[in-house]
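In the two assemblies presented below, chain A is common to both, partnered first by chain B and then by chain C.
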Partner chain A sequence: MSENILEVKGLKTYYKTRLRENVYAVDGVDFALEEGKTLGIAGESGCGKSTLALSLMGFYFPPLHYNSGSISINGTDIMKLTKEQLRTQVSGREIAYIPQAAMNALNPTMKIIRFIEDIMKEHRPELTKQQVWQMASERFETLNLSPKVLNSYPNELSGGMKQRTVIAISTILNPKVLIADEPTSALDVTSQKAVIKLLKNLLEKKFIKSLVFITHELPLLYHVTDEIVVMYAGEFVERGTAEQMIFDPVHPYTKKLMGSILVPEEGMKGQKLAAIPGAPPNLKKVPAGCRFADRCSFARDECREGKVEIKVVDGRLYRCLFDTETLKEWYENEQQQ
Partner chain B sequence: MNAYTKYFVNKFLWYFVTLLIAVGLNFILPRLIEGNPVSIIVSQMTQGMTDSDTIKRVYETFMVEFGIDKPLGTQFLIYVKNLLMGDLGTSFGLYPKKVTDILASAVPWTVGLQLPAILVGWILGNVLGAVAAYKKGVFDKVIFPVALFINSIPFFTLAIIMLYVFGLTLKWFPLSGGYDFQMIPHLSFDFIFSVIRHHTLPFLSIVLVTIGGQAIGMREMSIYELNSDYVLYSKLLGIRDSKIAKYVFRNAMLPQITGLALSIGTMVGGSLICEIVFSYPGIGTWLFTAIRQLDYPLISGCTLLIAVSVLLANFTLEIIYGFIDPRIKAAQMEDH
Partner chain C sequence: MSSSNNVLISGKHITKVFGYGNHKTTAVNDVSFDLHEGEIVSIVGESGSGKTTLAKMIMGLLKETSGTIEYKGKPRQLRNHAARKKYWKDIQAIFQDPFSSFNLFYKVEKLLMDCIKLQGLKLPREEQVQKMKDACSFVNLKYEELFNKYPFELSGGQMQRLMIARIFMLHPKVLIADEPTSMVDACSRSTILDMLMKLRQENNMTIIFITHDVGLSYYVSDTIYIMEKGKIVESGIAEEVILNPQHKYTKQLIEDVPKIHSEWNLA
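Up next, the complex of A and B:
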């Protein structure tokens, strides 16, 4: 069995609003990621995906704050490091991040190579400028990116190109974990494909050891990731292999989420796409019981009493009071009506 | 010729056309002012005279001497011809002084007052604005409203209040002029001291206003840049804060550089009000006097000087910008 590269336990982070309320956008998240594996995180807008991505980096910028929990990379809890240790030893080296808006992630008045030089000055100060150039152009070439990009300013690159450049920069130090926060959301389909190919390429060439891919586009996750986690109101509600999650979800929320995806198959025309009624709960005041209860058609009274813990039944991880058989039965009944 | 050079040749031509139009307007506009400069001068000269024939002859002599008896078109041709030879004509009010001589004596005063004031105000303002944005907290809560307050006072009010408080009431500084009247400009400790004493109040008034405006602008720009995505991304790649601050302030400075170049460009005619309030012997005061006396050549001379320096500043700015901001360079190339 291979080692866990990334292990997150009970991670809780919150936003402090101007009215001094605490909004727990990530409310007790546990997961582990093995070497060579890819984990997809899916969910609606506002369920805490991007906050989780940022929180995993170990840096907290107001209004985001850290409450409790641990993030271990190769067994080292990065939350126990000082800020300076984190910056010099972890950021970019062990764990790297691809921001949601990669379009603006590059300093507009700086050539790409100057930025890479600055990164190297922090992490590999022994390298000369020529060596940095050598290293960067080799890496870009390996990733099918023209080394000419290095000598360009960000505004000279197209959107897809910029995104791929950002990915190449983020992974230039061969980080163990790469957190990609919606790297494809702002791109057209062709560029999306190029980005996915690039990420797979990075894994194959072992430039990165594992990938956390965050998106709201579930079908995309099926092509990229080994496992998928669905997040709702700051918590994980279900985890399973990509196959299981797409074709055989257990949790009512995952089911609804899958039902709301447009599948281009025969007979779809004219058929109404199911939407999940309502919106995720206000995280300032989370419900005591199941957080999805208010939007769940199977909700019972007991759902609203007490916290629902995640459980393992028949090898499936999900957060619901009922067993898989019951849920399946209810679901089929609903389909027939 | 590459696209970039082409852009500048094209730009240069446009600036040249603008200059030509400015020359035309500089000539025409003063002459459209109601009144006749010669009658003003003659009525002063012939005070007490009763012989209307003499008055008439003096009047006609001046009309011919100043060349304003000829039709406007001919006058313009003569003006342009002289201009090409670097001659801006003879002042009416200070006849027979050459306009170029008057301007040459006034420019050092104006530049000496404005350039240090603008530079000091600009640098202090930008530093304060940047620090306020970076440090936030109490510092920002004090600096920002103060800067806003100073910047909102109309300049003439501020200058008059300063003159009243420090000049008239406290008598710390002299009320007017560039140096003590009884002195003859020469290089001596006394004279330099006098110049500095006269320089202080107008200098401070300009510095204060410049600081206010620059600090507000720089603060806004820095806050915008500090919140941009590349700051977060750079932090998450382990780049140290001091380097990120450099990225941020370099980018926040860009619009501020425009401000500096423009104020240096308009500097020559810039602080008209400041020079008038403090009776400072610069271009502003001369322009003011010239307009009151309908001194056509001097008005045209002053305004031409202002027009040329503004155009020059803008043109230089455009060249510099191409080098420091790739986004603008790209836009400039696309223009073509």
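Up next, the complex of A and C:
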């Protein structure tokens, strides 16, 4: 077993609203990521996926606040570092983050090379402009991106190209962990494939060591990641390998989520798509018991009491009161009806 | 397939050119189609293939450079405002970005009230409210919670459903859905699709999906048109086009979609 590169323990972060209410968007998340592995995070909108990604960076800007928990990269707890240390030593070097709609973050008045020069000024001040150019064009070439891109303005590039450029820029310092938040959601299938190829390429060439991939496109996660975590209302509800999660989900929420997959394959047409009634709970006031109980078709009275802890069965983690056999039986009964 | 064979809208050799002189771009190039009553059609293509331009021309928001669009067998009339208003009673649209499809200064109530006014109905207040309530409950929204809110207070999924509530009130003959689900997650997507299907069953509406999601188009539609660089390269019954593609571009497009029962070729 190789070493854990990223280890998160009991991470709790919250948003403070104008009415002084605390909304726990990430509520006690534990996970570890081994070197060379890819972790996918899935879930509906409003389940805390993006907040988790943001929290992993260690930077907290209001209204987001940190409550408790630790984030260790290679054994060092980044929550114990000062902001200045985080900025100069951790962000970009140890952990890099690609936010949603990152391609719109490029300043339209700057050429692409200027962004890279900016990064280098901070992290590698000894390099001259020529050396930076040399290095950047080499990196772009190894990633099958044309070095011509470096000399163009963001508005000259297409959406998919911009997204790939942003990924190449943010990994230029070879961060250990890359967190990609919905990197393909605004792109069409052809550009989406190009972005995925680039991410795989980065992993293969060892420019990044591990990848955390956040999306709600489940077929995509199946092909990209080793393990998938499903998040609901700020908590992890199930974790397993991609294969297990797609074809043999345990938790009722995962089951419903997998039922909403749409792919152009034979037999898909005429099949009924699963829709989950209602919306995720308001996290200002977390319901007691299982957070999914209100929308779950199998919920019993005991689901609404106490706190449901995460269980480990055959190396799979899930958060439900019932054991796998009972759940399977219920799924079969439901299908027959 | 479609329940009747009446052609509702047909396009004949439609071309749209943007710009002049050296800066000419042909967005839609000599496209012809027939849309039947009650049919669900998908226009599939990647970004920049001209699918939205085509949709805008069908809606009458853009004027075609050459070619004609016939509505109910006659060339359509959009010369003055009254004629356009009459046309838009029959043709409605849902757009990609729910956040920019509403007037931010109007409350939800006014928005729904406008639908009643557009139909030219004069009803007592109670009936108006009842109509709005019905429309909201059709899309699983609560009118009592919503009517006094502004659109920006709603979530993306709620807005998109409100848009469908509008369509429910207007019951148009044709609905153009321009990427209706690309900005919502997979669960809301199935809810929205369910509602659109229900709507079609009730009014025998023609729905035109504009999308780059091949899975979605296969799931919902009777007929699929594949567009590449302004041209329709392949068209036909959904099963045939998706499961047995003929054109090179269609094959490429289907191969690019990640599937769950077969390998995804990343080479």
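Keep this in mind: the second predicted complex is superposed on the first by the 330 of 337 C-alpha atoms of A that agree within 3 Å, B and C clash if a C-alpha of one lies under 4 Å from a C-alpha of the other, contacts with A are read in each partner's own complex, and residues count from 1 in each chain.
Rule of thumb we're sticking to: contacts are C-beta pairs under 8 Å (C-beta built on N, C-alpha and C of every residue); 3 or more make two chains touch, one makes a residue touch a chain.
These numbers come from a predicted model, not from an experiment.
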Superposed partners chain B and chain C on chain A - clash or fit: fit
Partner with the higher number of touched chain A residues, chain C or chain B: C
Touched partner set for A:Glu122, first chain B, second chain C, both or neither: first
Touched partner set for A:Thr82, first chain B, second chain C, both or neither: neither
Which superposed partner A:Phe61 touches (first chain B, second chain C, both, neither): first
Partner chain in contact with A:Gln337 - chain B first, chain C second, else both or neither: neither
Which superposed partner A:Ser170 touches (first chain B, second chain C, both, neither): first
Contacts of A:Gln130 with chain B and chain C, given as first, second, both or neither: neither
First (chain B), second (chain C), both or neither touched by A:Tyr153: first
Distance of closest approach, chain C and chain B, by C-alpha atoms in Å: 7
Residues of chain A that lie at the interface with chain B and also at the interface with chain C: none
Chain C residues within the chain A interface of the complex: 46-48, 140, 155-157, 182, 184-191, 193-194, 212-219, 238-239, 242-243, 252-254, 256-262, 264, 266
Chain A-facing residues of chain B, complex: 228-230, 232-240, 243, 247, 250-251, 254, 324-327, 330
Touching residues on chain A, where the partner in the complex is chain B: 57, 59, 61, 87-88, 90-93, 96-97, 99, 101, 103-110, 115, 118-119, 122-123, 153, 155-156, 166, 169-170
Residues of chain A touching chain C in the complex: 44-46, 158-159, 186-193, 196-197, 200, 216-220, 222-223, 246, 256-257, 260-266, 268-269, 273-277, 279
